[in-house]
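Got some structures for you, see below.
Presented sequentially are two complexes of chain A, the first with chain B as partner and the second with chain C.
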Partner chain A sequence: MILYRRPWVAALAVTLLLLLANLAVQPSLFKPAIMLSNLSSWLPLILVAMGQTYVVLSGDIDLSIGAIISLVNVSVVSLIGAFGGGDGALLLAIVCGFAIGIGAGAINGVFVAALRLQPIVTTFGTGILFAGLALAIMPDAGGTVPDRVFETYAGPLLGVPVILWILSLAVLFVIALGRTRFGLRALAVGGDAQAAFQTGLPVTRVRILNYGLAGGFAALAALCLIGETATGDPLLGGSYTLSSISALVLGGTALSGGTGGAIGSLFGAMSLGIINNVIFFARLPFELQSLIQGIIVLAALAVGTLVARR
Partner chain B sequence: MMPKLFLPKRSLTKLVLAAALATTALTAPAALAGPKFVIGVSNGWIGSEWRTQMIDEVTEAAKAYGARDIQVELVVQSATVDVQGQIAHVRNFINQGVNAILINPNSPTAFNPIFKQAKAANILVIATDAEVSSPDAMYVGVDQKAWAQKSAQWLADTLGGKGNIVAINGLAGHPANQMRVDGYREVFAKYPDIKILNEANANWDQAQGQQTMKTLLATFPTLNGVWVQDGMAAGAWRALSEAGKSNIVATGEIRASFLKTWSDAKLTTAASVNPPGVMVSALHVALHRLQGKEFKDGVFKGQYGNAIYVPIPLITTASLPDALKQVQGKPDYTSVTTALTVDEAGAFFK
Partner chain C sequence: MGALAVEAIGLSKTYGAVTALREGHFQLRPGEVHILLGSNGSGKSTLCKLIAGSIRPSSGELSLFGTPTNLSGPNDARARGIGVFYQELSLSPHLSVAENILLGAEPLTRWGTVDRSALRHRARDLIALFGSAAGPGLTPDAPVSRLSFDQKQIVEILKVFSSNPRVIILDEATSSLDRTQVTILFERLRALKAQGVAIILITHRMEEIFEIGDRVTIVRDGLSVATLEIAATDKNEIVHHMVGARIEGSIQRRLRPEPSLETALTLDGLQGPALAPLSVTLRRGEILGLGGLHGQGQSDLLLTLFGAQGTQAGRITIAGQRFRPTSPRAALKAGIAYISGDRRRVGVFAGRPVFENLTLSILLKTGARRVRPGLLRTLLEPILNRLKLKAPSLAVPIQSLSGGNQQKAVIGRWLTTKPKVLLLDDPTKGIDIQSKNDLYAMLDSLCAEGVGIILYSSEDSELLGNADRVLVFNSGQVTEELSGARLTEFDLYQAALKAA
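Now for the complex of A and B:
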């Protein structure tokens, strides 16, 4: 029962195991500066995986989430330039970025939940559409944002690093959401949509909201990537679609919907990041790096599943 | 190996730890008296043998420093990653405290913030194969524009300054591709009797190059010449020979398999060399700098003012035997390579 209510416990165990392995090959791992720089590498995937979790929880999937990241990335970088680059312009561009992300997610939601199109095919299609839009807005990687954008992102705010603020707020948001009716409804819809509908839950609305939520998280990840790269790149987000799904599965969320949660995805995404570190610091020959990485991901999945079954 | 994946978690940790320790022990370098430098190598795309050859060559060159009593330890990171993944490579290099980073970058601009951090940590960053805009890094490699101009000039000369041509380019929007397009356009603009009928993109893929050439042949029956980039030229030539168009001249490429065809079929072609050895040149420049030498004034060129360009050989039918000798006995995908010697790299320094 404990594990049923807290599917992230197994993911946490796997994360801790991998951290030990990481520590063995990188003794300086727990220095604050190192942890912080690791966190800024992992943060975008953590956020995307959290967002994707809501869609998967209600039994759907979003294959366009990487394209949404690219779209928000190039839009915000272009808008900052168009608005003149002042502080007001930055804020306005950030708001527009969220609007674009949430809007793109809601479009997915309407197609899938209201028009009842098949989620895999639909979001595959909208993904091509969003990626095409991103290419039309910025055909070539480039554009720059003011230096203070990435300096702020990499620096502290009120004594706490900005990336830690972003992570903490995202986690608090997810926990708070889990305690509302909405959080329960998402699980109920994914567990058995028909039963949820028959008991009077607004199934369509819940699914659309979940897609919108995923779009919002993707927008936040895109903003973090701007903080990290200080540039626009229409191909930036592509790999996040499958990585986010790997992360949430590692985090204990069932692809069939109904069980799991965004906190598990946090650990799943961290695990993927830690695995990259282990590969890096173990000094493996470069020909074997991808192979060993695949083996460790599979092993982590197996361990997580075995722990969860007990 | 497979059953071990399903061991209880404690044995799995042990396994991972043991494997990690074993690899560290295996790679523990022998003690030398001279200075020691740790150099991170980041390659962000493994879709081509050219990249593998690039890493193999730089690994060899690093070992060779042992004979000079300098210990060079390479930490190689090579996988197909997105920009964020390659930033993680750089970040790990910084955390590890390497002396220098050699990188074949996935983006011209996205590394500006992380290179700034590397510089703040006193790490030398050298990009190769693709230029970067960061003022905190430099570039050592070929000037892609000049690379295109060399073979374009050969084509213009071979055609006697007149004729109808087409161009087959790589990936639209890729910075190196754009520089190459600028390069050949500049050359052909000097010849009013050379007409560029079409410029197509075939994404640096042999099969697409072949298909595109077929389409172009069908569309333009009066074609005299083809300027085609490497990675697609072999495909384009296959289409030319299938169509029996022996009167059309086209540029070629530097892989062993193509050089053999060139020699056997006596093709009229030439190829600019974009050598996988560019990273070796970058390594030598890095080591001169790491040993405290200062750059001469005016060595940096290019649109970002941070580029050191290496010479670009042109293989013609006259120099083909030498090129063939270099790749003799090597696999078909081996590229002709050149690199600066340690002393040549030293010429950039005071």
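Now for the complex of A and C:
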């Protein structure tokens, strides 16, 4: 009963277990600097997984989300160059980045929800399209952004690291959204779309909004990546698509929709990051790393699922 | 009296070539309980869904409260004061009871978030209507997926009440409720009626019609055939309208020799999750019909015998030997064959050649490890001739055949196993008349060979024309056995509508 509607509890338990394992192979884990650098490398996946969660909750899936990251990444880097490097230019480029991300998501939503195309195939297709656009904008990795972009990103704001600000605001946003009418309706749509329609809910609108939301989170992740790498890369996002889906499943969201939540995906994404740490610090032979990683991911999934079933 | 709450003038709905509602004429007055009555697929639910805005009419006119209206969707209908109980329910399984009841009209805090405590309170007040009759576990916070079916129906009812509608449509809202729950619902409906709320009620329980109804409209074959004042009519008149102008005894019964005295199958207190204990003996060469409204346990009985659904108690004997229905494979070996009208789901293997579709069962029964097409062909030939199966060749994919020929192939598959008992689950659904007649002729010869047959059909004429006797089902229970002179549509309807 405690776990009902709190599917993230199991994910949290798994995350803590993995943290212990991480601590065993990396005693310095809880030093602030180490934690912060960990967090900054996990943050993009955390954000993408949170966004993907909304799409999955309403019963759909977004396989183009990695391509959206690439597209926003190269667009913003190019725009900063084009606008000149002033503060106003930076802000404008960031706004454009969000607009591109949300717009790309909304395009997915319109195809899937309004034109009723099959979500997997459609977003696979739009993903190729977005990736192609990214390559057209910036054929090779490169471009630079002003130094103060990554200095700001890595530094503190009002005494608190900027990375922590971004994460906290994202978490607050997700919690607030979960308490709104929209959050409830998204779950209803994912649980049974026909029932939601007959209840009078705007099913199509909810699904499009969720795709747009996922696009917005992908844009934020792309901006974080710029802050971290200070450059543009048209092939940057590819691996995030499947990782985001792994993360949300680890976090207790059902791929069939209707149950789960973005907080669980936060823990799911962290788990994936911690697993990478464990593999790295355990000094496993290179050729065994993938094998061990696969086993740990499956075990984490099994533990989470079995606990949640109680 | 004021304007009519709902008026349908020549409302029709077609899906491709299928007409679900032909010319729906219907008038609902404020402050009345109006019963919609008709057999399965007659168009009642279609009419309700049109009024609910969840489907759009192909033609005709719908007026709400005196104004011609084109509903844009369920939310439009809801905004105009129409509350609908959907037969298949419109609940979201992972949400709580409270969330489901108030979904679409969630109370908000001044911050714009959902007001959880108000949500819970309003749900609690609504659940209190049913008091202890709601049963254990029906609390505002319980997830709907963990409720029993009658509790889900109660939640769907409360969801309708929560929006304070001016028109209430209840499509088989009482089908799983017990007597106490129905009484509470009807009390509430009477109170709403007194406030001028108009109510449409679909039910198959005859006693409920007379208990709560003011008027009844009978729908048959997509047409609304009559509207009667309940106070001025009786059960017989209602059943006559349901059966229609067809003359009694007009159904041609097939002439078959008397069944033999040997038993093919004996059921002794057979009981399942959806099946009350049943004892019956099927003789060799006999066709035992299963009648009643759709989904009252007929298919459950057949699937139980075929080993596809668990039993709880009872004994099955086939040709003197005890049979335990553990799996369809066991049933096949014991000489039971099961043929469903739902070909696409349980009959044909689409994309595979006719030949493979025909030979699956015999290969499974003999346990042959090697397929010998030549041998199988000689085995199939007499059966195919008997069935009059028309196929360009046995190598074509089965879905390229007509529905009737596909069904013949499915039957052929089972005949290769030489069954002792044949279970037919609405076998002629959606196939043409010629194929139907071929199938009936086939049944003649199987009877002559001494096969025992159990036939469920949603078509009354098929049931009455073929069965030697008919067990009428209601809520998983056999309420009546019809034979001899009582094998008429009239008796069938009357038995089907009788309370279990």
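The definition used in the following text is that the second predicted complex is superposed on the first by the 310 of 310 C-alpha atoms of A that agree within 3 Å, B and C clash if a C-alpha of one lies under 4 Å from a C-alpha of the other, contacts with A are read in each partner's own complex, and residues count from 1 in each chain.
Note that in this section contacts are C-beta pairs under 8 Å (C-beta built on N, C-alpha and C of every residue); 3 or more make two chains touch, one makes a residue touch a chain.
Everything numeric here is computed off the predicted structure, so don't read it as measured data.
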item	value
Chain A as common anchor, with chain B and chain C clashing or fitting	fit
Chain B versus chain C as contact partner of A:Ala136, first or second or both or neither	neither
Which of chain B and chain C A:Thr231 touches, first, second, both or neither	first
Touched partner set for A:Asn276, first chain B, second chain C, both or neither	first
Of chain B and chain C, the chain that contacts the larger number of chain A residues	B
Partner chain in contact with A:Leu291 - chain B first, chain C second, else both or neither	neither
First, second, both or neither for A:Arg185, with chain B first and chain C second	second
First (chain B), second (chain C), both or neither touched by A:Leu36	neither
Contacts of A:Thr259 with chain B and chain C, given as first, second, both or neither	second
Chain B versus chain C as contact partner of A:Val121, first or second or both or neither	neither
Superposed arrangement (fit on chain A Cα atoms) - minimum chain B/chain C Cα distance in Å	27
Residues of chain B that touch chain A when the two form their complex	5-6, 9, 12-13, 16-17, 19-21, 23-24, 27, 43, 46, 55, 75-79, 81-85, 87-89, 91-92, 94-96, 107-114, 117, 172-173, 175, 178
Chain B partner contacts - residues on chain A that touch it in the complex	13, 17, 20-21, 24-26, 28, 33-34, 37-38, 40-41, 44, 135, 139-144, 150, 154, 225, 228-231, 233-236, 238-240, 273, 276-278, 280-286, 289-290, 293, 295-296, 298-299, 302-303, 306-307
Contact set on chain C toward chain A in their complex	52, 54, 73-75, 77-79, 84, 86, 89-96, 99, 103-104, 106, 108, 112-114, 143, 159
Residue ranges of chain A in contact with chain C within the complex	4-5, 176, 179-181, 183-185, 187-188, 190-192, 194-202, 258-259
